[in-house]
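Note that the chains take the letters A, B, C and D in the order they are written out, and that residue 1 is the start of every chain.
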C-alpha cells in the first residue's frame, strides 16, 4: 500500500440502526473500509442497501430514529463518533462536504444561491462581504457556470437541475474539503447533463486533491469515476475491489447480477437482466448470507453467516464461494 | 372575467333561492279557479270588520257543557266556509279542554320554575282568570276554577270517548296527541317539560316544539298564523285590563281578515264578546268591573285558554342601598331620587342588559330606555302596584275629582268624530261609531249623541331644568308640537290624532279636548310633557326652531338631553356606561346619591358575576329575567351578600287552545 | 445506464409486498394513542347506539324533588344518579347517553354530508377547471368571506320553526328519527341543523380537494388512462378519488371536531337543536345558567365533548402520521 | 404584477358585492324585524298606543322596508335611487311599495282568504326625493344606525368600539404568534418528546371545547371563586371599571387606571390567546415537520450550519410560508372581533356590537360590519398573496 500515510478515512465496524416502532432496522450492519487522499471510492448497491445511510453516518447526519450504534469513523486520525457535536459541525462542510441526489430540492428555495454558497464560506472561513462575493464568483466560475454575477442573485427554482448540481458542487468545494461525499450526484439529471457533471467532478478532483466517496447505483458512473468500489447489499459490504478488477472479474454473485443488469451500448435487449426478488427486510434480516434468497448459486453453507474473505490482494468478498 | 362572475352570481342566487322556495312551503295550493277581488285597503291594523268578520252563526263556538260535540266525526258537514272552520278534532270538545285544565297541576308547574317558594307564595302566583290576584277587575263569583284533579280529568276524557293506556285513543283509533308550541326560553322549556309529564299522567300525549321567539311571535309566523294546537306564551298584565283584541269575536286572526286580531284560540262566545267590547267603551269603573266579570265567567267556563301563574321578577341591590323599591308595574329608578347609601358611599352602579338606543323617550319605548329616562325627567304619574299615583301632576286628572269632564254631545254629519277603527273622521253615512249609551252604530243620517272627554292636567309648581331655568308654558307647547308631528319618528300618534283641541292656560296647566267618541281608559295619567324651549344648540339654533324631523339626530336631544329629573348626564361611553350626576336643581331637592353609573352588560351570566363581585350594585328584572337567575339572587340574598327583591310580576303564563284547524 | 430498482421508494422501505392500505393500518395499529382514541370513539358510538338499552331512566322524565343532584348521589326514591340530575331533575347520565347519539350522529353525518359536497365540487372544479372551477371557487369565496357563525345564525333563524315547511320526504325523517333515537318531530330540526352545518362546512374540503384533483390531473397516469380511452367519469372515480382519499380522511376527522364545536356554539347562542332533544351542546348551554350555584353542572356535558373531540383529534393525528409516506417504519 | 392586481381587484369587487347582496337578502329574510316588534308592542295594548297603518308605514319607511329589495340594496351600496334622475327623469318609476295591496281570494268551495298582493300605493322616484339617504357604502358612508344608536351615524358607533376590538384582537393575535410559533417549532424539532406530547394535548384541549366554556370557567375560577376565597381576583368583565375597587393584598385600584384596564384585559386576551395558540402551534408544528424532512435542511446541516440556525434560518422561513394563508384572515379578525368571547366578557368591541345589532335588527350596523369584514378579508388575501411572492421566490403573481 503505497499511500498508507495518506489515509484520510478509516471506517471500522460501522453499524447504524433505526429504532422504529416495528423493530430495529439494521440499515448499516458492519461496514469497514479505508480511504486515502485523492482516492475515489465508489459505493454501489440497490436502494435500501444502506449506502446512503453509510454516507450520512460519516457526517453524523442520520436523523432519528436512526443512530450509529457501533464502530469507529477515524477521519484523519480522529474518531468522528466520539467528538462533540460542535466539533463535528465544524468539520461538516469544511473538511468533509457532501453533494446530494436531488440538486433542486437540496437547495433552499427561499434563498439566493449565492447566499447559500457564501453561508458556507462565512461559517468556516469567516469570509464576509466583498471577499465572500469574490470567492463565490470564483467557485461558480470553477464549476463552469457562466455569468456568475447573475447566477448568484438567482433562486434555485430559476436554475435547471444541472445548474443546481453545479451550485451544490461549488458549495461543497467552497472550503476545499479533504473528503467529498457525493450521494448519487447524477441520478436526478438527464443523461447529457450527467456526463457534464461527471466531467466536472473529474476535473475538479484533479485540481483539488480531495478524496471522494461516490455513492451510486449506476455501475457506469462507478466505472468512469472510481478507483475502488464497495458493493453493498442489505446493510453490509459484500465486495471490495479495485474498479478494473471488479468489472473484469466480479466475485460476489450479487455483483455479477448488478453488472449483468447494466445496459451495454449498442445492445438492443428489451429488458435488462434483473435480479429476481427484492432486498430483504432489515428488521429481521435472514440468518446466514443475506443475499442467499436471491442468489442463483446458493448452497447449504449459505444459511451460515459468511465472513469477509480476501481471495486476492486488496480484494475482499463476503461469500462462502470463496472460502 | 365579467361573464364568469355573472355566472358565479347566478349560481349563488340559485343556491339562495332554493331554500327560499323551500321555506315558502313545498306544496302550492291546488290549481283551482279562484275569484280575485281587490280589497280596499283598510287604513288601520284593526281587522277588516265589515268585509271579513266571520258569520257568528257559523263560527260561534259550537259546544256547551253537557252537549257532546261530534264534529270530529263529520267535520266537512259542519264546516262553514273559510279557513279555520274545521273544529279541532280534540280541542273543540269542551270536555277535553276541561280535562286538560283538571290534569294540570299548576302548583307543580310553579314548583318547577320557582322551587324556592313556600306553598303560600305559590298560591299567590296562581291565576284562575286572565287577571292577576288583587287586580281591581278580577271576578270572584261565577267563575269556574280548576284545581288539580286527576280523576276528574280522566273521567272527562273517558266521557269524551278517549280511552286506553298509556296514551288514550278514541273509537276510530285516533291517538289523543297534541302539539305543544312555545318559545325556546329555558323558563318555558322547564315548566313545559313538567306540563308534558302531567298530561301524560292523564293519558294525553303532548309533543313539544320549542321554537325561537322570532318565529313564534313573528308577524307572519307561528302564533300570528295560529300554527299551534296548544300554545304557551305570556301576556303582560296592565293596570287597565283591556283585552278586547284578545277575546272578542271579531278579533280572530283569519286569512279572510288578513290575520288581524289576537284571539288566537278562535274563541267566539257572543256574551263574552259583547261584554268585553262594552267594558272597553266606558270610563265608568263599576260598569267595567261588571262587564269584565261576564267575560271572566265565560272565559273560565269555556276554558279556551288555561291561565297558569304570574311570573316572578327578581331585583337585586347591594346591601348598602337604602330605599330601593321593586314593583311589578313601575320601574325601579322611578324613586331613584330617594335612594341613599347607608355606608356613606356616593356611587350606585346599575347594570342594564342593553344600551338605550336614544334618550329621547318619544321614539323609544324599551325598558332600558325607561330605566334611564326616569333619572332624567319628571313623569306625570307613577304606576306602582297596578294603580296610578300623581307625581309631576298635582293630582290625577279624573272625572271624579273634576279635573276631567266627560259630556254627551250631539254630533251630525260633517263633524269630526272618533270611529270604531280608531280614526278621527268626518261623520258621514257608513261611519261606525260608539254612541253615548255604549252601542256601536253605523251612521246614516241625522244626529247622534256621543261622549266627549276633556281633561285638564295641572303640573306641580317649581319644576326646573338642570340649568335652573323654570319649566314654562312654551315648554309644553313645544312638546305638543313636536310629539304630535309625524316627522318626529314617534311610534304611535293615536292620542295626538284623537285630540280635538289643546288649550294652554299657564306654566303648569292645559286642557285637552278629545273628539267625540274618544274614551281613553287612562286619560287621567298626564297627556303632554315638556321640552326645553330655551335650549340653544351647539350650532347656534334654538331648539324650538328645529323641525321635528331633525330631533332624533340631535345630540342635545338623544345623547345628552337637558335634564329636569333627579340626575343629569355627565358622560356616555358608547357600549360601556353612562355616568349621571345628582341634579341640584331637581324640584324634590338634590338626591343623596351623588353619582349613578349605568353599566351595560349584555350577558346575564356576566351581569350576575359582576353583581357577585361587587362591580354592580343594582340589577333589575329586565336583566335577571324570570328564570334561572331568580333563584340565584334569592340565595345570594339569603346569604346576605346582596338585597334580593322578588315580586310577582305582571306577566302571566298561559296555554292557549286552538279550537279550529286550518 | 442504470440499475432498475425501486428508485422512487425511500431508502429503508421494506419489501413492497404489502398494499399501501395495509401499511397504513399496520402503522396506525402501532400508534398507541391513536388506537386508544379509536377504541374510545368506537366505545362512545357503541354506547350511543345502545343508549335506550343502557339508560337507567326515561330521557325526559323530570323529578322535581331530585333537582341539581350532584354526581353519585342517591335521589329520594333511592335511585343512584350516576352523573347527577339537571335543573328539572332529569337524569344526567341518561340524557348524556341519548345526547351522544344526537351529537355524535350530527357530527359524523353533517361532516359526511359536507365532505360529500366538498369532494364532489372540489373534484369537479379541480379536474375540469374552466368555468366549473370559477363557479365553485367564487361560491367558495363568497361563503368563506362571511363569518361562518354569522351565516349559521341567520340561516338557522330563517328556518328553525319552519322546518315542517321544508320538503323533506317523510321516510327520510323517519330514518333519521330512528338513527338519532328521537321523535319524528324532533328529527326534522336535527336534520335541518345537520344540513345547515353541512352546507357551510364544505368549503375547506372543497378547496383541499380541488388542489388535489388539479395535481392528480397533471399526473402522468391520468394522461395514460385518458389515452386508453377512459371516460372523464371513469378517471374521476378510479384515479382522482382514490388518490385524494388519505388527506380527505384526515380532513374528515377535523371536520367532525369542528361540527361538534359548531353545534355547541349554536346552542350557546340559543339556536341549534332544542331541548328536550338532548345534545351535548344544549345540555352544556343549559348547565352554564346554573354554574354559579352548581359549578359542577357544566362539567358533566363538557366532558363528553372534550373526550370525543380529543379522541377524534388524536385519532386524526395518528392517521395523518400513518398516511404520511415519509414517515419511517 | 399590474395585470394581476387589476384582475384581483375586479374579482374582489364581484365577490364583495355578491357576498354583501347575499348577506343583505339573508338579513332581511330573517324573521323578526321592526314590523314584528311594532306589532309586538301593540299586543294587548290599551288603545292609546295603538298602531295604525300610517304608523306601520312610517316604520317601513324608516327601515326602508317599502323599497323593493334590489333598490334597497343599491341605496345602501351607492345611495341610489334618491330621487328622479337629473331631477326629472323617471319621476313615476316605481321602486317600491308604500302600501301593499290586498286581494281577497274566493275559492270555489267558499273559502275566503285575504292575501297581500300587488301594490296599492307605489313608491316612485318622485316620492322618495325628500328621504334621507346615505351616500352609499361605496363612497364610505355607512348610513345611520337604526336601533342601536338611533339616527346617529353607524361610523360613530363603529369608531366607539373599534379601539377595544383592535386592542383585544391585536394583543391576543400578537401574543398567540409569539407563543405559538416557538411552541410549534420546538414540538416539531422534538417530535414525540414529552414536551411535544404535552403541547399536543394542551392544543387539542384548546380546540376541543367551545370558546364560551373557557370563558365562563375563567370567570368562575378567577373572579367569583377567587374573590370568595379572599384571594386577589380578576374583574369578570368590562374594559374598564365603573368605579374604584379593592383587590385583596394589592389595595385600591382606581377605575379606568392602567392597572384596572390591564387586569380586565387579562382574561379575554388569555382565553383568545389560548384558543389561537392551540390551533396555530399545531399548524406550525405540522408545517415545520414537513420542512424538517426536506433535503435542503439536510444540506444546511451538511454545510456545518449550527442547528439553531438550521431551524431558525433554513427551516422556519419555509415553514412560515403556509402560515401566511392563516394570517390572511387576521386583518378581518382584528376588525371583526371575537363574537363569543366579547359577549362572555362584556368587552365593548365590535363582535358584541354585531351580535347586538343582529338581535335588534339594526340592518345598517350589521351590514356595515359584514361589509368591512368582507373587504378586509379580501384585502387580507391580497396581502397574503403579495406576501407569498416576497417570502417565497418560487411564486410569481401572474
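Rule of thumb we're sticking to: a contact is a pair of C-beta atoms (placed from the backbone, for glycine too) under 8 Å apart; a residue touches a chain by one contact, two chains touch by 3 or more.
What you are looking at is a predicted structure, and each value in this text was computed from that prediction instead of being measured.
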{"item": "Chain whose averaged C-alpha position falls nearest the assembly-wide average", "value": "D"}
{"item": "Pair of chains joined by more contacts [C-beta pairs], B-C or B-D", "value": "B-D"}
{"item": "Centroid spacing, where centroids are CA-atom means, of chain B and chain D in whole angstrom", "value": "35"}
{"item": "Centre distance in Å when chain A and chain B are each reduced to the mean of their C-alpha atoms", "value": "89"}
{"item": "Separation of chain B from chain C, taking each centre as the mean of its C-alpha atoms, in whole Å", "value": "44"}
{"item": "Between chain D and chain C, distance of the C-alpha-averaged centres to the nearest whole Å", "value": "26"}
{"item": "Residue list for chain D, restricted to those that touch at least two other chains", "value": "14, 18, 22, 26, 29-32, 216, 224, 355"}
{"item": "Contacts with two or more other chains, residues of chain A listed in rising order", "value": "none"}
{"item": "Multi-partner residues of chain C (at least 2 other chains)", "value": "138, 142, 155, 157-158, 161, 288, 291-292"}
{"item": "Chain B contact footprint on chain D (complex, rising order)", "value": "7, 10-11, 14, 18, 22, 25-26, 29-32, 35-36, 38-56, 58-59, 62, 99, 101-116, 118, 120, 144-145, 147-152, 156-157, 160-161, 164, 216, 219, 223-224, 227, 233, 235-243, 245, 343-346, 348, 352-353, 355-356, 360"}
{"item": "Chain D-touching residues of chain C, taken from the complex the two chains share", "value": "138, 141-142, 144-147, 149-151, 153-155, 157-158, 161, 257, 261, 264-265, 268-269, 281, 284, 288, 291-292, 295, 298, 302, 305-306, 309-310, 313-314, 317, 320, 326"}
{"item": "Parts of chain D lying in touch with chain A, wherever the complex brings them together", "value": "191, 294-296, 298-307, 314, 317-318, 321, 391-394"}
{"item": "Chain C - residues contacting chain B, complex", "value": "60-62, 64, 67, 87-88, 90, 131, 134-135, 138-139, 142, 155, 157-162, 165-167, 183, 185, 270-271, 274-276, 286, 288-293"}
{"item": "Partner chain D, residues of chain B touching it in the complex", "value": "1-2, 5, 8-9, 12, 16, 20, 32-39, 41-46, 48, 51-52, 81-83, 85, 212, 214-215, 217-219, 221, 224, 235-236, 238, 240, 242-243, 245-246, 255-258, 262, 280, 347, 349, 354-355, 357-358, 363-365, 422-423, 486, 489, 491-495, 520-522, 552-553, 555, 558-559, 573-577, 597, 599-603, 605-606, 609-610, 612-616"}
